[in-house]
Structure formats: structure tokens, C-alpha cells
Amino acid sequence: MLSRNFTLQAAGDLDWIMEHYEFDSIAFSIDELVVLNVDRDISDMEQFCGNLAKISAHCFMPIAAGGRIRRVEDAENLLKSGADKVVVNSTIFLDHGLIRALVACFGSQSVIASIDYKRVQGNEEGQVYIENGTRPVGMTLPEAVAHAVELGAGELYLTSITKDGTGQGLDIEYISRIGDRVSVPVIISGGAGNFRHLSDAIKLKSVSAVSTANLFNFMSDNLTEAREEIIASGTPLATWEKTARNANR
Amino acid sequence: MKYCTNCLMPETRPRISFDDRGWCNACQWSEKKRTSLDWGARWTLLQELCNQYRTKSEFDCIVPVSGGKDSSYVAYMMKHKMKMHPLCITIRPGLALEIGEQNVINFIHAGYDHIHLTPDPNILKAIDKIGLVEAGRPLLGWQTAVQTAIFRFAVQIKIPLVMFGEDGETEYGGTKKLNNQHFYDAQDSVQIYLEGHDPSRYRELFTDQELYWFTFPNAAEITAAGLCIAHWSYFENWDSYEHYLVAKEKCGLREQEERASGTYNNFAQTDTALYNLHAYLMYLKFGFGRCSQDVGIDIRRGAMSRKQGLSLVRKFDREDPESFIPLYLDYFGMTRELFDAAIAEHVNKKLFRLESGKWEPIFEIQ
Amino acid sequence: MISIIDYGMGNLRSIQNALTFIGASHSLTRDPDELLRAAKLILPGVGSFRKAMENLVGLGIAESIVAAAKLGTPILGICLGMQLLADEGEEGGACNGLGLIGGKVTQLETGSIDQRVPHMGFNEVRFARPLPIFTGIADASHFYFAHSYHLVGNRDDIAGTTTHGMPFTSIVARKNIVGTQFHPEKSQSHGLRLLRNFCYGPIC
């Protein structure tokens, strides 16, 4: 899926991703994979879990999966299908009990709170939205972050709706301002276009990881190269070898 | 094949030129826009122009719109920023896509006065077909009407100021004639935008009346009307991604859900199915496709590096609009064989070779 | 045949995927007898120490694991699975562990931005001594961590340390028992190598 200014665009089905995106050959360049079910209509959880199982068979790094988690059972199905953590979004604001239940069942480290915010300009605080950026929840980003942490989320995934899809860079100035006060790991997302954007974001002390859904900008070996460039520019990242199937026998 | 060292435009692009760094004219222009153009002076000129034409209670300018991001942006700016009273006009293309039509409706409902002008579709189709067969330009009829019908309309309705979007030659690499000139005339139109396809030649095939919307008013009429046909891109740094964002927010623009054929985005050129064919023919004629164009735009606005663009161009430029072929055959009234032959006529055989019925590139994108 | 202990907690599929990838035949088990007969055992785990012990004891597996250990069966404890090897854990209230590798499991200390809890992400592991399970893996390689607790045990059992604000034990090893705080099945090539070493090589 490619996100363009917070509106999703179909890139292709799973086979397309595996073949044209050459996912197998770049999986070893990323620290984590996030797979979100963004079906606008009634989502077919079973199909999503099936796809997740296929993807995860090729991945030996952590996988976070989410979208439309409404019951503990949904999260359980995702974890059984290959996810290591679940991602929750609107539920953070609409069903506190569920979040606490997920944390109790699976542990904080298995629950990522995904929060989307809009921040148009200047010094204003980001305003949090749910439902694909259409419904304001009436909280600023710092408030929502504190709320999510209080509910027990082990990580935060913060997406700038304003920057998302623009390819003009992430919201690093703002996130670095508020990130210092956050007590759980922060993943920043929204706006990555070229390698430099990723590099600038990951240099921030308060940011643990940078995420991009901009599939097309990082086709072929561009993710691998981006990683190498980030390391070359002085930010130490984990390095591994490419794993060829059955090469270890 | 030689390529621009900054974007991915090849030397085969008509009217392209390179500087000593190997940067093409579009990239040079993009740099110049960022560093050395006096935008202040240009904006002042726009204000003066608008002051000159603005009326209290009548339409004082025409904005041609397609429902797409760029023209919607221009209409929005003319109305809300320049406080003009635009009458917007859409020339209906052949094989209009539903999302394109819906975007026109969404635009109108954002609050604009609008005229939907449909030239006789059969004449339009006939000229599109002439374009396809003679020049590999299947949108020629519509591209013509977008110029001629606007000129005609402006003269008839006595609204002399017309604000188009961008001068493609300046922005995307071409003749520099309009780099520093905000208006153009019918002659420029024929030479630059219609690439010499003077519509008056269609008089051999159609009556004057049938060609009303496809021919320019005569010189005397244009002078009498005091037409001023301008480009917004002269007055403001043209940024089509910014326009997309504004059009989404202010004019109800919606994207396709699927990726567009031949490229990686989903929010540009969604008004006619013929555009896919036009873009594909461009690829076969010159060796660069829709993806190359989009990548150029993204590289110039800093959203992508050349290397990232290269991966995309290698993957998507060559994508043919196979699923649209039945639509095209029906539209042009051609058999598959004739259609393929018409295309084959315009393929640059130095760049492509026919293999199992498909045109495969024999050049490497670098 | 590698037996992966299924006690209702833990990322079984990921481990299975990894073992499939390296071509090691494996099966899931929660049968006490099968456990005892296994050639090698993997004890996974994600979640609370207390709940895990409740499940293990409830299923009658806790005893079998201890018995298998006595028999000399190579056992690899992963993440919570490593922590369960301890004498005692805090999470969910004080509770006894399997006692196979001494020590106590307590919360990681929080501190500055560099010391956020849970400890999530790839981090360096420094080997304390050479072990067969480290063959072909460079010292200070990165492995994936996702935990809020850590095992504080005997110095002799420490086989690897990692720093998260302060140093903590990331690998324990005592004869035929090895525990990794990180997830080798989620640690890309290094993790796969470690799993391969465990499945095909000697334990000590």
C-alpha cells in the first residue's frame, strides 16, 4: 500500500509486492515490518491473517500488524498468524478497556499505539485524528501520547497527517520537541521521500525508529542503499547479512 | 542514449537541451525558479493584471478546468486570493473517466460558476483518430479544442482574460519562448502546443460549422476582443504537488484507488482513458513514459533522488495500457490489427523492437 | 527433532518459520512424555512470568522440562523462556521459576531517553565466553529485544551482555541450558545462525 497524503493507493496484491517490490531481497535491510489492514469496508480478517502468514514466513525481523482490532481475539489471531506485536489506533480513544486487556494478555511490548495528528503550521500543538484523518478526538498529541502510555502501550507510532505522502520530509522539528518527554520508544512516520529524510529523522535522540509507507520511493534496492547511507553518515544501525533460502544447510 | 544527470529525461525528448552539468532545461528552470527569479515582480504583475480586468459583478476571467489538481488550484486562487470572478470551463474529452467527471462535479460544488463544453464527440473523435494515425497523438482533437474552443469562447462571451495553468514547455522542458512572457497568441498555440498541427487543415474534411470549436477565431476577432491568454505558472512558482493538496482540501479532488497505468501515482491525469494511450505512445516514440515525467517532477521538488526514480522508471515506463485496448478499439472504430499498425508507424525503431507482439526497449535507462 | 514447547504463550509461528527456513525438522508439543523424549527443546515465551509458570505447572510440563534438563537435553529459552529458567520472577507478583539457571527476574530500570522501558529494538550483544552456539557470529552483533524485565543471576552463568542505559545479561548458559533475552527468530541473519548452531551443533 502506498499512502499519499493520507489517502491510500493500491500498489498491488501480495504477489505483486513479493515479485515487483523484490521484498525477499530487501527484507534484510529493515529492522521491522508494519502491516496494516486498511480496508475501509468490512474487513476480511481471515484473508488479512492469511496474507500476514505468507509475508511473515519470509521475515526474520519483528512484525507489527494491526487495523480493525476490536476484540482480544482479533489481536490473538494476528499474533498467531505471524505478528509479534499488534498496532491499535482508534481503539486507544474509543475502547480503553480493550487496550488494557491487550496489554494484560500480551504485554506492553506487544502493543503499539498508532496516533495520527495534524499540525498545520507554526508553534501549535498537533491535533489528533482517527478514522483516516477525518474525525478529531479533541486531544493534542502530547495528551494522546500520555493517554496511550497510561493505558500500557509499549511503543508509539506517530504519523503526521500533514506530511504524509508529500515526500518532503518528516515532522522532525515537532517530534523532537515533544519526544524528549516520552517514556516509551517512539516510531516516527509520515513524509519520507528520499534517503536524507530517513537519515535526518533517525538522528533525533528522542526517536527510536523511522517508518515509511512510501513503497514506490524505495523500490528495488533503494531501502538497502538508504540504510547503508544512514550508517555511512554516522548513525549506527544494526547490520546483518542477506539470508538466502537454505543457504544455511 | 544520453540522459539528464539530474532527472531522467532523455535526449530524445523534443526541444530538450542540456547545460554543461548535463542538466536538462526543465531542471535548469526548476533551479532558476528556486534561486533567481523575481517572483515578487511577477506577482505584482499578476495583481496589476487582475486589477485591470476585475469587474464588480460580472465574470472577469475564464479559467479552463479539468477537475484536476492544477486547474482547480488556479480557479481557487483566482477566486479567493485574487478576488476575481472566474467563469470556469471544461472541455469534455473523449473516453472520459468516471473519476474525472466526478472530480469536475466535486469542483463545481466547492462553489464555482462553470460551463461544460462538449464539442460534437464525433468530430472530436475523428480528429483524435487523425492524430493517432498521423502523429501518434490520440488526444489531438481534445488538445486542439482545449486551445481553440477556449479562444472561441472567450471571444464570443467577451471575457478577454483567460488563465491557464502551466506552460508545459517552460516547466517540463521545451521551447523557452514563454519563459519570460505571461501571455501567448494563437500562433504560439499552434506552434508550441499543437506542434504545428494547424487545425485549419481539417477544413478539407469538415465544414466550417462542424469545426467551430476546433478552429481559432480569426486575427481580427482576437484583436477586437483584446484577448489576454495567460499562464498561472508565470506568476507563481509552479508546484503541482502543492496544488494537489489544495485541490483536495478546497475543491473536493479525489484520487483513483488504483495506481495509474504507466506510473506510480494515482492523482494526476485522471480525466480521460485516452491519456494512458497518449503517454504510452510518448514512450514508444521517445523512450520515456509517464513515469519518467512524474519522477522528474518529484526529483525537482526534492521528494526523490535520481537513483530512486531510476528504479521506478525501469519498472513502470514500459507498462502498456493493455486493459484499455478494447475501449480504444471501440472508440476509434479500428480492428486490433489496424490499431497495432497505427502504433507501429510511430514507434522509434531505434529504441524498440517487436517481440511476440510487444514493443520491447532495446535501450538502457541510465 | 527439535521440540518447541507450546504452553499457550509465545511466538510459536515465528520460531517455526525460522526452523523451516534453516531446514531443521521440528514439532510443537505440550505432552510431558514427548518433552522428555525430545532431542532438543526450545522454550519460547512472550507475556507475564506468573502466567507462564501457571500454564507450565498447570499443563504438567514444568516438571518435564526440569527432568529433561537433568537428562542433558539441550534446552534453548527465548525471551520470557530465558527468564523462566530463573529461580524467581517479579512480574505479576513474586513467583517461582524453573530454577534451572539461578537468579531473579526483575524490572529493567528506566532512565533517560536511552533507557526507555520496554527495551525494544536491535541491540549489540557482547559474548562473555566462546560457546558453540556463537559459531560464525561476530562479537557485538545485533539481535532483537522486546522486554521490560531481565534476569539477574550468577556471574558464572553469564554468556552475553547488552547495554540499555546500563548493562544487563542478554545470554545465560550452563552446560546444556542456554537462554537468550533476545529473539533469535527475529534477529535476521545472526539469529538464524544462532538457531542453526543450536539445532545442528553441540550445546557445550
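As written, the chain order gives the labels A, B and C, with residue 1 at the start of each chain.
Note that contacts are C-beta pairs under 8 Å (C-beta built on N, C-alpha and C of every residue); 3 or more make two chains touch, one makes a residue touch a chain.
Computed from a predicted structure; not experimentally measured.
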Middle chain, criterion being Cα centroid separation: A
Chain of greatest Cα-centre distance to chain A: B
Best-connected chain pair, where connection means C-beta pairs in contact: A-C
For chain A paired with chain C, centre-to-centre distance based on mean C-alpha positions, whole Å: 27
Distance between chain centroids, defined by C-alpha means - chain A, chain B (Å): 37
Distance between the centres, which are taken as Cα means, of chain C and chain B, whole angstrom: 62
Contacts with 2+ other chains: residues of chain A: none
Parts of chain B lying in touch with chain A, wherever the complex brings them together: 241, 244-245, 248, 255-259, 264-267, 298, 301-305, 307-308, 311-312, 314-315
Residues of chain C touching chain A in the complex: 11-14, 17-18, 20-23, 46-48, 110, 113, 116-118, 120-122, 142, 144, 146-148, 183, 185-193, 196
In the complex, chain A residues that touch chain C: 28, 31, 53, 56-57, 59-62, 79-82, 84-85, 105-110, 154-155, 179-180, 182-185, 205-206, 208-209, 237-243, 245-246, 248-249
Contact footprint of chain B on chain A as seen in their complex: 2, 4-5, 7-12, 20, 166-168, 193-195, 216-222, 225
